[in-house]
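Shared chain: subunit A. Partners: subunit B in the first complex, subunit C in the second.
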Partner chain A sequence: MERSEEDLSLGSSEEYRDEEKSIFTEDMNIDNPHEYSKHENLQTYDPKRQPHSFFYLGISGQIDSGEFYDRDGIAIKYDIVKGNRWKLVKGEETGISQHGFRNQGASKRIVWNFPFEVIYSSTNVKDWPQIVLYGSGKDFRGREVIEFYGSVHVPTSPGRHTRYVRMFQPVTSSIFGKFLGWIKGNPASYKDAPNLIAKGEGREVTRVQSGGLLKITFQITQRNLEKYGYKTTSNDD
Partner chain B sequence: MATPQLHLIGEIKSAKNFESNRLFCKWEFKYGKHLTVIDGNTEGETFEEEKPDKETAFYFDHPFDIHFKVESMRGWPKVVVEVWEVADDGKYFIAGYGTGTIPCSPGSHNIEIKCWRPKDQTWYGYLRESLLGVRSELATKEMLLSSMERNLFESETTGSITVDIGIIAKDFELYGIKLS
Partner chain C sequence: MSNFDTKEARDKRIKDELEELNNKLELDLSRDDSERDYQDPQRPIRTKADFKPEALFVGQILGADGFDNEDALFLEVIFKHGEHWKLLALPSPIQTHSCYPDEDGTYVFAHPFEFYLTSGSIHGWPKFIIKVYRLDDFGKIDAIAYGSVTLPNSAGTFELECSTWRPMGNCIDESYSFFLGGPPKLTTLNPLTRDLTLRENISTVSSGNIHIQCDVILKSFEDLGIKTS
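This part shows the complex of A and B:
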């Protein structure tokens, strides 16, 4: 049976019709009885003989909505931070959403529905990807100011996961600093932000304030992790 | 043969039902001597969090990513948290101690650690707490992990800490250990 590219494409959008080979095309030989037994996916795990290729982690999902108390008109930027053994196969590691305004009604929820989709390959799960989020608003002169920060680890087990991420704001220690920040239009913020937010070191004695809560939906797919001996879920087959 | 490995990936997520509205949390993973840390920090301290009045919970979202080499199932990791609250004048008081057991099945888990703090039993301590707001702390933290020496000791229940944790296990079944 011949499988055509069209059957595997995810939509009619141009974006999905890639020139490069899909990972599924390697599996064409699965129908050939001679190749069948040699196929990588049918080998049992043997720690002495590591497979030559990679395992793949597919992260897709969306930044659904958030509540930011009395703030309005917020854009969310995301950055995916991972260890240096992870290689990006496909997708955008960074993106910035529209400025979302809330409904006129009583609800404080801002909806973005901002999608992201990346595929990584690696051979070691060390330094698992994290998604770092920034919330930015516009000040009175229309300048973009990053005000909120947040981060969360990408879920480690396959499936659909919902994560609530707190967005925090650093608190300026002095009233004078607050005033200066207001005048200059840049409130207290971090230099070298992605690493500081994702690493979790040096957080002591820093005062922060919760600025809002974001809802993120993740869909995680994993390929070949068990070929490397990794068990990420307890649902046994 | 390959040694079994364990990855603990997640966040110290939130704190609930504590009285104060300025809080921080010290956390530490405790493990037996047959486990070795290959990578990652096993202890840390979260931001000092200010909670808006409308909010019911504190969110820390403090990330950790720890890689263990496991040579025995004895001494499976536990997480010990120490919650401190900050008074308006900047003084720190203990708000709770708690111990959470890390599940030994791979997958995503959400664990809730109920916290308690020691209650002073002397009349002097009671007076000191109600007048000055000074609370007694544990001098040694060994008792958090042991079941010994807990009798004749009084404690007071405080809030709880939530930990989101993803567990990835490698090579356990090569030794005949079934985890899930």
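This part shows the complex of A and C:
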């Protein structure tokens, strides 16, 4: 068979074709505020205009594993909660993992290895993003029931971080309520999650007990926070 | 110069004056800040307000351990800062849920907090004042321990441990508290941080530890020459 020249290229030729619009062009693409052509270095000089740009926070990582005493078959759902000023640039803010079961041995560790990647842009560090986590399992009738809650703030310094999140489960106040909840597949749960978990207000009247430990690895990338004057890490490289 | 200028002379005079004015204008322009920024467009234009120091404390009250107790515990956390500090965003008062201990005696609170302040002085760095309450099976609430911890002053992530104590009474008070609950309490929180001389008169009994995770972002402290790490 005769090989044409196209077969020797690395990928489809469309991907590597030069963009018709050069990044050095004067025309600003106002539709997409995050496009690279709006980089501060390349803009034309205009003394009356502030070089306003957002700062970007890239959050990537994975929900590694966890230990939940004797419970098995847990799926983790995550939700990222942040203030109104933070705009989502790329990625998914929520996700549901697979149901994980323990290995047959004595270890109580459940592994999900569930990755996430999100990029946010903002102009102020107020209302720093948090990840709210829910652990849910299937009850005796196969219904999905959320049992564990937990939350962790996204680390503020760039680089790699490991966080161990302690989950808690709400406790019903009476034995009868507990039984009813077990039958109906509807145990004590929070009504206004994720805000209730993330803000902490309104939780004073609830009772909980410890649920388990979850390990999350984060990788934080930041852009332009130094230009705003924010110092996020003590490591001076 | 005669009173009657020729046309050329007049034109020349006007041209000279215009040139002089032009030169003056150029000199003024070059003294402008924008000239400096044109040479270095990467440097952002910062106003005086950008140099006011700000600090963001973000984190969670993780939990507690070391309390020899089987009842539920909850915490009330008071955020205290100096007079030259000002809160930029209204915080909510922190009162955690009530948590029952597990086999190791650890309690999980997982109560997130966020404080955004602007500072006028390094005196009065923010602190937490923690009051530990016990909730027993009959629904009775009792303050059983007190503690205070200063929040970190350098940027980064920190795990803080706040040790707590409670005041100790005489023999009768102690046995009362052992059998029935209701340990001696402080009437005011002043001995904790505000008026430390009051501590000369009290004896205390040690209690458990509170674990707090705190992330700190600082702004413009380094620009003013304040080094914290």
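As a convention for this text, the second predicted complex is superposed on the first by the 185 of 237 C-alpha atoms of A that agree within 3 Å, B and C clash if a C-alpha of one lies under 4 Å from a C-alpha of the other, contacts with A are read in each partner's own complex, and residues count from 1 in each chain.
Keep this in mind: a residue touches a chain if its C-beta (ideal position, glycine included) is under 8 Å from a C-beta of that chain, and two chains touch if they have at least 3 such contacts.
Since the model is a prediction, treat every value here as computed from it, not as a measurement.
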item: Fit-or-clash call for subunit B and subunit C when the two complexes are aligned on subunit A; value: clash
item: Partner chain(s) touched by A:S151 [first = subunit B, second = subunit C, both, neither]; value: both
item: First, second, both or neither for A:W128, with subunit B first and subunit C second; value: both
item: Partner chain in contact with A:Y228 - subunit B first, subunit C second, else both or neither; value: both
item: Which superposed partner A:A198 touches (first subunit B, second subunit C, both, neither); value: both
item: Partner chain(s) touched by A:S107 [first = subunit B, second = subunit C, both, neither]; value: neither
item: Partner chain in contact with A:T162 - subunit B first, subunit C second, else both or neither; value: neither
item: Footprint overlap on subunit A, where subunit B in one structure and subunit C in the other make contact; value: 47, 125-128, 130, 150-153, 155-157, 161, 165-166, 168, 171, 198-201, 203-210, 228-235
item: Complex interface listing, subunit B residues touching subunit A; value: 1-2, 7, 9-11, 14, 24, 39, 41, 44-52, 54-55, 58-65, 67, 105-108, 164, 166-174, 179-180
item: Contacting residues of subunit C [partner subunit A, same complex]; value: 32, 34, 37-38, 41-42, 44-46, 50-51, 56, 58-60, 62-63, 72, 74, 88-89, 92, 94-102, 106-108, 110-114, 116, 135, 154-157, 213, 215-223, 229
item: Subunit B-facing residues of subunit A, complex; value: 47, 69, 125-128, 130, 150-153, 155-157, 161, 163-166, 168, 171, 198-201, 203-210, 213, 228-236
item: Subunit A to subunit C touching residues, read off their complex; value: 40-41, 43, 45, 47, 50-51, 125-128, 130, 149-153, 155-157, 161, 165-168, 171, 197-201, 203-211, 227-235
